[in-house]
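See structure below.
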Amino acid sequence: MKDMWTAIPARGRVILLVLLAALLVAPAALDRYFMSVLILIFYFAFVGQAWNIMMGYAGQLSLGHALYAGLGGYVAALLWFYFGIGPWIGVFAGVAVAAAFGAVIGWLGFRFGIEGVYFALLTIAFAEFTRIAFDNMSFTGGPGGLFLLYEEQRTHEWWNLRGGPLLFYYLGLALAAGGALLTAWLARSRLGYQWLAVREDQEAALSLGVGAFRAKMIAVLISASMTAIGGVFLAFYYNSLFPAQAFDIGRSIEIILAPVIGGLGTIFGPIVGAFILTPLGEALIALTAKFGVDLPGTKAVFYGLTLMIIITLRPDGVWPWLKRLLGLEPKS
Amino acid sequence: MSALLKVDGISKRFRGLLAVDRLSFEVPQGGIFAVIGPNGAGKTTLFNMIAGVFAPDGGAITFAGERIDGLKPDKICQRGIGRTYQIVRPFPALSVEDNVIVGALLHRHHVSDARAHAQDVLRRLDLYDKRAQRASSLTLPDRKRLEVARALATDPKLLLLDEVMAGLRPTEMDRIVSILQELNRETGLTILLIEHVMRAVMALAGQILVLHHGASIAQGSPQQVVRDPAVIHSYLGAEDVA
Amino acid sequence: MNLAIVLNVVIQGVLTGLMYGLMALGLSVIFGVVRVVNFAHGEFAVVAMYATYLLFVGLGLDPLISLLPIALAFFAIGYFLQITLVNRFVGRSEHEQFILLVGLAIIIVNGLLMIFGPDARPTNLPYSLDSFEIGPLFIDTARVYSAVAALLVSAALFAFFRYTTTGTAIRACADNLTGAGVVGLNVKRLYAVTFGIGLACVGAAGSLMVTIADASPSLAQSFTLLAFTIVIIGGLGSMTGALVGGVLIGVSEAMASFFFAPSMKSMFSFALLVAVLVLRPQGLMGRRA
Amino acid sequence: MTRTTRRNFTAGLGAAGFVAGTAPFNIVRAQSAALKIAVVLPRSGYLAPAGQSCHRGALIAPKVLADYGHKVELVHIDCESNADVARTQTERAINDGAQVVVGAFDSASTLAMAQVCEQRKIPLIVNIGAAPQLTEQGYKFLVRNFPTGGMLVTNGLKLIKDELEVTKLDAKTAVFLHANDTFGTAQRGAMDKIFPTAGLPFKLLESIAYDPKAQDLSVEITKVRALNPDLLIVVTRAADAIKMVRDMVRQRFEPKGIISPGSPGLYDEEFYQALGPLSDYALYNLPWANPKSKMTQALEAAFKPAYPNFRFAVECFNVGFTFEALLVAAAAFKKAGTADGTELMKAVRETNIAEHVMIGPAIKFDDKGQNVGIPSAAVQNFHRTPTVTLPADVATAAPVLPIPGWQKRT
């Protein structure tokens, strides 16, 4: 743990501490709009980190991560809805179910050598399959959605994730920071090296005795579990779930944007990406409004354009470039 | 000396083409054993079978007294066989040191231990000063050495070297030869190498097997083999004996 | 009676599947050669639907005719897109290609929304409500025409790859890229031609699609997903595979709607997809790598 | 909260985009000023067709409301059919001084906004949204001037009975065909519950759910045709309604009536455009603009010059309900005499507006914030125009059943 900290150059440590401190005290100075944007940033940084573990470190392209978020959210929400079981317990069930799905997908994919785009399609297929299944199940509310009650007398039960923006702000911050810490720790572990080896060249990794199947399975399980936790967070933040949104491929795409734009296989990539993309969307809304452009779709066109420009100019993501710019490259 | 590796009548067929044909040989514990032969003789196929990339169609491979044919590459490495690839495959985006750490982690659970071991290996292979470079930025000779370092870091009992000398300048080659000799002498590492460069083979090998069309045409000490008429006819005659 | 209904359902599925197949063919050709996954595929199909709509409303052109100029225009777009933009991404990792084309897809869908608004634009063909009545069977006229057109376009494509020098060169590129470069083929140009052909396919398919659906921006994503499913099932890079996959999906969805709940029919496609990935990853008609 | 802190924060983040567009922070809470309302609608994304239609109602509302003595200032927000955007933009709108929020057609977005409004004590008036749960979740700052799915079906089935009586149609069997989406399943749920006790003279042979994203409905129609019901009861959206009719024509399936117990799809402009005469005689039982109300006429008068390419008769459902949501807010503002959220909400809950746009009694809300008094009208397409045929007091034509065959249309 300690060497994780000492590995960061001094200037980086200062910046990191200042940013963290700023985010910790920010709610005192921020209005609710910025809080709501930051909560989204934290969410996307966290689930982006989860995806980063699987893709950035272990090199497995999943385009169906909404599946895990949706399952986590649904399972915890259903336990709360039917049995009043709080999310702190429900999250374990949600994680277990999501991890089970991850295990099936991983087993099929890795056992049968499904790689690259094919593996991505496998993950999409599972997400879509589950979406349609949830659309056709009545106890989950079907396409009509699952709604969690907003009870005024319980709005301070933070232990049941019944609370206001402050609760979700700090929870989101904790998730994003915790996710980054976990990733940093894993990346420096034996497992982390095995993931990198598998990502770079699986055959060469095997010849060095790396159990690629096991390493990849663990990556999927960790990634699915983290994403499921993110899903629980979101379900209780919004108090409603709809299969068409929870499992939508659009959701899966949203999850992967931050880590790719920020920088895959880096710890700060997903965070930087989330801090770029979510505010970008908000800024584009504000800008189109400011310039009196009242044509729906304008914002999205510019958003798409930005994605294309960033991926063309900074294919490795913004963070590696930013790191050099800030002089944070570790000395060799 | 007992045999560390025993290859007993293995064959491999690709789409009807017999790549290796009932081949048998033994690599003694602590020896350096070379396999030579023209291109397409089945040398790399032989290596791939020993290393577990694919299973032989028939025959048996015994390592340290246990059957290993049909095991997967990672299991074989875990038993103590390290290998390099003819066309090098370093992990390009990783640093030289991290490349070697991956190997070192096979028998070490802590990255710090693995790093220490990796650095030892890198020192031995003259790569220590380049340990922070990305593997993709290395020159070919350095990459070849990195391959050896990575395989060595797994603490193998047997090291399979697939043409590590190809493309090296004579001085670089001599350096590798002496490194390998040192390893063999000091640690008792057994080496099985495929090599085209006869100069290196003659300097290193205690025993040579000549492979032609998937079958052994000669086997013995270097001096015996180079004088073998069949070998001269089918292989050495066609190329310069360096 | 019941058998006749099942037969009717199967025939409709086959006809629809051929149109799907043509769309998927474009994706398959691009992936098979350029090794770029066109995640904006369905979006291009929808652009073609709008183009067909405009030609019909403006000039009274039947989609069966306008598919030719549209395919040509799409070829040009594809060619241009490949040399200017996509070519930089050839050989890069899939997620980078993915982001590039998803960005493009977002722009297309929302651009269409800005230009045409959200409401669907129908192309009311004189025969769009006709059907052939054969005994107890009712077969949609428009669907028959479109399926035949899809077959003709596919046949033309087969002929191109088989009998022309460019076609053969492209196949050489797909089989052995370094080899193709070594013998002096202009790979960059061939890639551009291939991307153009892929888009021409999806353009033609989009034109035909107006006979069964009305142009609207919201169709795009499901088209993309559909094309992917078909191509994987049929075999990425296999031309017959795309058509066979299209028909298979068309029929299986039709049968699933008929015998089970229509709302669950896509589940069968995805289940089929998973089964193919696991049991025959090269696809039904693909060659093992 | 001052502007300085905000600027500090953005500087700290280094995200310049944050600053853009955050309007000066000066809420004027004076009676003489206009009521500032944020209208959140899904104008892009998959709900864009409905969102943009509602938006047209919102755009013409200030002028009409002014004529009735209400001053409102609207902020238009596109929530992109995305609950994340709905939530952050609602926060922003309230920061920028919005005193009431209206929206959002989409249940997920509406619920995301409901929490914001609840926590910030800002009234949220739901213009459209049929999920019954919206008013069952315990939100104190939410009212809905729109029927729940259950109300729609109850009223819709009652009207089917009336229609059969008035036209003396002898229907013995029916099939229920519905889209498997949020709205469609809500309707299905209501149908399963209500139909058995609704006392209708026909038998429901089967209920069929279809994927609203489906590329075609030919198989579904084949299935229906095999059952050969007298009536086809449908819950659709626009695109699939068109496919449904086309496939019915192609397969020569001619039921005696095509009736929606309360859903969109059969009266969208694209439905008329795509089908021409074939769109006629489709019957749908929905809350509808009262053609005989003065306010409706005023709204229509404002709509026509503003949108020459759109027809009020077609859009009056979305436009009308969006307008009424704004009317509820404006009337409450007038009554409360303040824009203070809690006071305003009290006035909203006590709403009693006799003269309004949609057919039905005065707008009132029950304890949960639901207007339970919204009736449906039987509306039928004649000459590509929605025409109110029942109840008789507001009808401008009589219902026609059985419907003429496909080939007999002009």
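Order of writing sets the labels: A, B, C and D. Residues in every chain begin at 1.
One rule holds in what follows: a contact is a pair of C-beta atoms (placed from the backbone, for glycine too) under 8 Å apart; a residue touches a chain by one contact, two chains touch by 3 or more.
Quick caveat, the model's predicted, so the values are computed rather than measured.
Between the contact lists of subunit A and subunit D, the overlap consists of C.
Chain-level centrality, scored on Cα centres against the all-protein Cα centre, points to A. Here A-B and C-D were compared by C-beta pairs in contact; the pair with more is C-D. Averaging Cα coordinates per chain places subunit A and subunit B 44 Å apart. In terms of their C-alpha centroids, the spacing between subunit C and subunit D amounts to 36 Å.
Remark: subunit B and subunit D have CA centroids separated by 74 Å (rounded to whole angstrom).
Taking each chain's centre as the average of its CA atoms, subunit A and subunit C sit 32 Å apart.
Along subunit B, no residue makes contact with two or more other chains.
For subunit C, residues touching at least two other chains, in rising order: 110, 113, 118, 261, 263-264, 266.
Touching of two or more other chains is recorded for residues 132, 135-136, 296-297, 300 of subunit A.
Per the contact rule defined earlier, chains pair up in contact as A-B, A-C, A-D, C-D.
Listed in rising order, the residues of subunit C touching subunit A in the complex are 31, 37, 85, 88, 92, 94-96, 98-100, 102-107, 109-111, 113-114, 118, 221, 225, 228-229, 232, 236, 261, 263-264, 266-267, 270-271, 273-274, 277-278, 281.
Interface of subunit B with subunit A (complex): residues 51, 53, 72-74, 77-78, 82-83, 85, 89-94, 98, 101-103, 105-106, 108-112, 114, 132-133, 150-151, 153-154. Put simply, subunit A touches subunit C in their complex at residues 55, 61, 63, 108, 112-114, 116-118, 120-122, 124-126, 128-129, 132-133, 135-136, 249-250, 253, 256-257, 260-261, 264, 295-298, 300-301, 303-308, 311-312, 315. Subunit C contributes residues 1-2, 5, 8-9, 12-13, 16, 110, 113, 117-122, 124, 128-131, 133, 138, 140-141, 212-214, 216-218, 222, 226, 253-254, 257-258, 261-266 to its touches with subunit D in the complex.
Taken together, the subunit D residues at the contact with subunit C in this complex read 43-44, 46, 48-49, 51-52, 180, 208-211, 213-216, 218-220, 222-223, 226, 238-239, 242-243, 246, 249-252, 268-270, 273-276, 278, 406.
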